[in-house]
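For clarity, chains are labelled A, B, C, D and E in written order, and residue numbers in each chain start from 1.
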Amino acid sequence: STAKIGFTYIMSGPFSAYGQFAKQGAELAIEEINAAGGINGNKVEGFFEDSTGKADVALRAIRKLVYQDKVDMLIGLDSSGVAKTVVPSIEQMKTPLIITHAATPDVTGSVCNKYTFRISLNLAQNVKAAALLAKETGAKKWTTVGPDYAFGHQSWEYFEKYLKELNPETTFLPKEDVAFPPFKTTDFSAYITKVMSSKPDGVFISLWGGNLIDFVRQASSMGFFNGDFQVLFSLGAATEVLTALGDKMPEGLWVGTRYWFLANDSAKNKSFVDSYFKKYGAYPSYNAHGAYSAVYAYKAAAEKAGSLDKEKIVSALEGLKLEIPTGTIEFRKGDHQAVTDAHWGKTAADTAYPHRILKPVKIFNGQDVTPSVAESGCSM
Amino acid sequence: MMKLLRHKLFGPTVLAVLLFFAPLIISTYSVMILSEILIMGLMAISFNLLLGYTGLLSFGQGAFFGLGAYCAALMLQAGYQNLFLILLVGMLASLLASLVVGFFSVRLDEIFFAMITLGFGMLFFSIAHNWLDVTGGSDGLPVFVLPSLSLLGNEITFYEPTRMYYLVFGIVLLGLVLLWLIVHSPFGLILKAMRENKQRVSFVGGNVRLLRIVAFAISGAFTGLAGVLFCLFNSMATPEFMHWSFSAKPVIMSIIGGTGVFLGPLFGAGIFFVLEQIIIQYTENWMLFLGIVLVPIVLFFPQGVFGTLRNKIFKQGVK
Amino acid sequence: MTDVLRIENLGHSYGKFKVIEDISLSISKGEMSALIGPNGAGKTTFYNAISGHFPPTRGKVFLNGENITGFAAHRVVDKGMCRSFQITNIFAALTVLENVISPLIIQQRKHFKIYGNVFKDKQIIERAMLVLEQIGIADRADQVVANLAYGDKRLVEMAIVLARDPSVVLLDEPTAGMNPEETENMIKLIKKLANNSGTTFFITEHDMKVVFSLAEKIYVLHQGHLLAQGSPGEIRSNEHVKEAYLGRKVHA
Amino acid sequence: MLKVKDIHTYYDDSYILQGVDLEVSAGEIVCLLGRNGAGKSTTIKSIVGYNHPRKGSITFLGQEISKQSAFKNVRLGLGYVPEDRRIFSELTVQENFEVSFNDKTEIRWSIDDLFSTFPLLDKFRHRKGGELSGGEQQMVAIARALAGQPKLLLLDEPCEGLAPVIVEQLGEIILRLKEHFPILLAEQNAHFALEISDRGYVIDKGLICFSGTQQELQNNEEIKTRYLSV
Amino acid sequence: MEILLLNILNGLSWGMLLFLIAVGLTTVFGVLGVLNFAHGSLFMLGAYLCMQTMQLFDSFWLGLLIGPLCAVFVGLLIEKFLLKRVYGRDVSFQLLLTFAVLLILDDAVRVIWGSGYHVVEPPAILNGIISVAGQDYPVYRLFLVLIGPLIGGLLWAFFHYTKWGKIIRAASFDNIMAEGVGINVPLIYTSVFALGTWLAALGGALAAPQQSLIPSMGEKIIIESFIVVVVGGMGSFPGAFVGALMLGLLESFGTVFAGRMQMAIPYILLAVILLVKPTGLFRKGV
């Protein structure tokens, strides 16, 4: 018999790189687990579906996995919007889901449910770490550049909230003076001009992917990084961004990520990075890590439950503690969010790598950056 | 016998009967796909009231579809559970919105009409995408409870896929019957006349602008109805429904199926979904293959797949 | 006050380019009149300006005593004036019958009726068939217009106009492109209609045979101005008109 | 010069020309008469190369041209004046001539020659084609065909919709052009056509049903009443 | 004041890029009558091919020269085997066919170059910074601001003062009659599509040092170029210029005044112009 896992990622279109990373991570985990005898003696089989990044398509994909392929477990989801709108239907399908990328706090907050878990660092955790860091920098007046959709706005909202709590002295530019370029923007010059002319002490930037690459390059050429202010990139340490930018990424910038492959020396992490590199010839991105770890989380839950029964898996996942490459995590009972460490660091050149690495790395303990269940607003 | 076969209601009746009994034979997942085909088919046929009958290529139907969906999601969120009320409000909201958009758009033609409706559609998209407090912004609105229907003292819920299918089937059938009546009414004939020659219509006394606005509003209302159903079926409303790429779907479906036949766009929707399912099964490069499949459809089926095949078969029948 | 159509000081310019200027005329009920003039004199422009194709830049148009200047085309038709076009303007993909039914639906204010089958509407169908019979294409009622011969298309154009039962009919070159036999029939048809229904016809034509056999009164347009008006006899002998338009050789 | 032999032309499935034969030799004006829809324009279009006959041959200057694209035939020396004139409405009159100008052959009509042949057009030189009246456009259409340095001119109903006085002028122009090249004239207006042509064919339902000299045509009452309704 | 100047420069440089894309689109529409949905994909292809040639020869200028020419080859195939068959067909069919081409090109590029991000470096002489109004400003952007009018001016002269240009305009008004005066219309169509492709691909190559390359990079620009083309008047050359500048500047200043409705700026512009002037700012005429 087999344990069937259904994966739903963006496999096509502009953001398919994320789906490809996740698929690689998942396939690596499945291979390793099968080589070691499977889950409770069951061979693991992966089913991959394409969400295309659209909510209705993602839901159709999940329905196919549940009703047609009859999977025991669901893993995936990249986009926050997709995750948030799909989650209510997960409850109808009575199949556990571990989210590995989508960062909106809501899926383990206002719209949380019994079947939905998240193993990856969420927006609140990442931004809390950013706020802790921002406090250390001592910058007083902050502004932001973020994509003009929920993620960008929420990032800024949380950043304001946390930093204000940490240091009531700080000020934040009002809504109309910060920069929220629409997601499709390729020319950031006007925003760069706007931010520079507002003369801040610190800029919190939540752009990601292609937006981030374009921004960094255009900002460099407009002298943005020579400015007299601190810059924090909440997702600047994503490997796909660092790889594309290569030595165009300025050194000495604070960048955050959901997983950094050099952040810890644990045997788990070392073996993951090594086998991943051996198999794919690249360092694992956070999305590869998320999918890889989620498969192991499923394994741990199944072993704890001693069964593949979906309801039992759900109970086993609640409160489950396990070590994954990024560190030890716990799926909190109250909201099903993994309590996991957040990683930040300063960009630095290192000839051993084709791209910038983080030096020094700053690890924020999961307990310190994860808001309480009460704060998350989840009630199951 | 031959006469029966040739009766114009024969095909549609057989189709309706088949669709009614389909869930008994096919898998749950296929039932869900079929629900989706019916909903998109309703959208495409409403759209074709404009393209096929009135000669207007609207590239902003997503706006009305999305509006229907948001109305449903907001009402459910606010605790309104009455199915008919939700359907009615969704249609009315789309009707009003399309009256406004129509008022400004219908004096344009052809590609200009396509572009201005695209513009209005994207305006709606921008609002839905950015009006966080009401629409949930880019994330959209998740729906947690579905309305139920009390029938003969029984509460019927629609969480179960087959029941949802019958809900969709019933409403789409009703919608299509209404659209069919409209298309064959005096108004419908005037629409076709406008498609052929709007100048002539105005020179025999028809107020072309008003007629077009009404056509646009009817189309918008039924598109909104489809949107409500889509929201119920997927328990969500997202700005994506209003994006131009969503508005392109009924265009593609209508052309694939055939704009000259009433049910053509419904078949187009079916072909589109089935193609997509088949291609996705074999490759991640489904865009590439979808493109490759679309090319011969455009080149070799001038009346759409359904329209062209039907013409072929019937011609042979006559000979 | 028997003037059905009265035009006062009408003028029109395309941009700076004045095409017609200061045209005044009045047509009494049932009168058959014609507007002639060389190419580019502004006949079509004149028609467009009074029929609602575009508003004239100057002057006024009265129909049955009512000022209809600048009315949109469909309102002009509602007031009782309907026109044909120099270039055939019909519903190509519809059948002959549907071509005639369409104006009837509008005339009977049923064009916003979104239910019911027109082909079962006796009133409309009977009237439509009557018009087709008058015109002489009732036998082709079920044919798609696009497949008809040119002459028949012109007849459909007429049928559409007549279906609205207008009190004034403007015909822009009704026999252009027709063969002599068809032309002959068209002349007969127009005469018959004028006699039977008291409809007022106002036509433009280059075919002088048509003009002289139909018109009771002729207006000659030249470079945007009314050069002359009068009975066919007067026009035929008018030296200015001969000079500018008819030429010396026409013996029509 | 031009020899059309047994051509059969279709529009999609409809069989229009059912075996048309005709000939035009140097120095003559030949008219093609027939009532509405008889197939005159279709014949002209088949010769020009818009609607290739499925069967039959067309030779021009000894070259088989029945399967050749229109633009090649025009470059070879066919001047074409279509029945609906088709002036390039957004180009000025002069530009209309320039784009049609064939400089790959012996130049008999320079652009200035065209304006001196049609002095009426001179004052419209820089006016857009679309802003001219029907008669003016007809002049432009003929002059434009001359810019292609034709060796044979195909005129399709040049007097349709033109005022009698213009028709008169046109007749004179056509007679003058005859000195330069032969002309094939498709006409419904038999009065006009017979007055200026040397020979004529009568076409009906896609078949040539009569051919003869101007005199023969003028005198054949049967043909005149049956096919030309004169 | 400085902000004003910087915003104008930002708007101009984006506007000029838009202009290059839109002018190709509008020319192809004007002559072939086809609104090419895949135009943005040709832009994208130009950027990728520029990157590829740059990697081979290690010169941006060679990339700029050769990349777009390779794209033209692809364009020729598209015209010859696909577009040719839908000339004169209904707008909806043309849109669908070119949409299919878009799907094929975008995915094919993804298969060939992968879905990751790529970057292209501007050439050394344009890689510098100069000071504008007290702020550093990249030279490359100024280069973009200048190259737009330059290419635009050359094209304008071509269409209005050369025989070929006039012939193209004639064919755009009436292709059938153009054949009747001896113009090789199929050749004109092919050449014009090649020209349109070249302009799109050149735009892509010029944009490459500015923005990261991904297969979907044509998607934003195609919708905005549609808007520019319609706002300016379909087929109108000066229209494309004015439309592109308007949109570029509006988007640039939108960051200051539009707040949350930035995203809607192009669509508001489109709606307003079409309501005031239904055929766009300039009448048809290449």
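Quick notes
Here, a contact is a pair of C-beta atoms (placed from the backbone, for glycine too) under 8 Å apart; a residue touches a chain by one contact, two chains touch by 3 or more.
All figures in this text were calculated on a predicted structure; none of them were measured in a lab.
The minimal number of chain-to-chain contact steps leading from chain B to chain D is 2. Listing every chain that touches chain C and chain E alike gives B, D. Among the other chains, the CA centroid farthest from that of chain C is the one of A.
By number of C-beta pairs in contact, B-E leads when A-B and B-E are compared.
With each centre defined as the average position of its C-alpha atoms, the distance from chain C to chain D rounds to 31 Å.
Separating the centre of chain A from that of chain C, both taken as means of CA atoms, is a distance of 74 Å. One finds 75 Å separating the Cα centroids of chain A and chain D. A separation of 42 Å divides the Cα centre of chain B from that of chain C.
Shared interface positions of chain E, i.e. residues touching 2 or more other chains, are given as 107, 110, 260, 263. In chain B, the positions touching at least two other chains are 129-130, 285, 287. Inter-chain contacts occur between A-B, A-E, B-C, B-E, C-D, D-E. Residue ranges of chain B in contact with chain C, taken from their complex: 181-182, 184-190, 192-193, 195-197, 199-208, 211, 214, 218. Residues of chain E that touch chain B in their complex: 35, 82, 85-86, 89, 91-93, 95-97, 99-104, 106-108, 110-111, 223, 226-227, 230, 234, 260-261, 263-264, 266-268, 270-271, 274-275, 278-280. Only residues 35-37, 131-136, 138, 160-166, 168, 188, 228-230 of chain D touch chain C when the two sit together in their complex. Listed in rising order, the residues of chain E touching chain D in the complex are 163, 166-167, 169-170, 173-174, 176-186, 284-285. Chain D contributes residues 48-50, 69-72, 74-75, 80, 82, 86, 88-91, 95-96, 98-102, 144-145, 147-148 to its touches with chain E in the complex.
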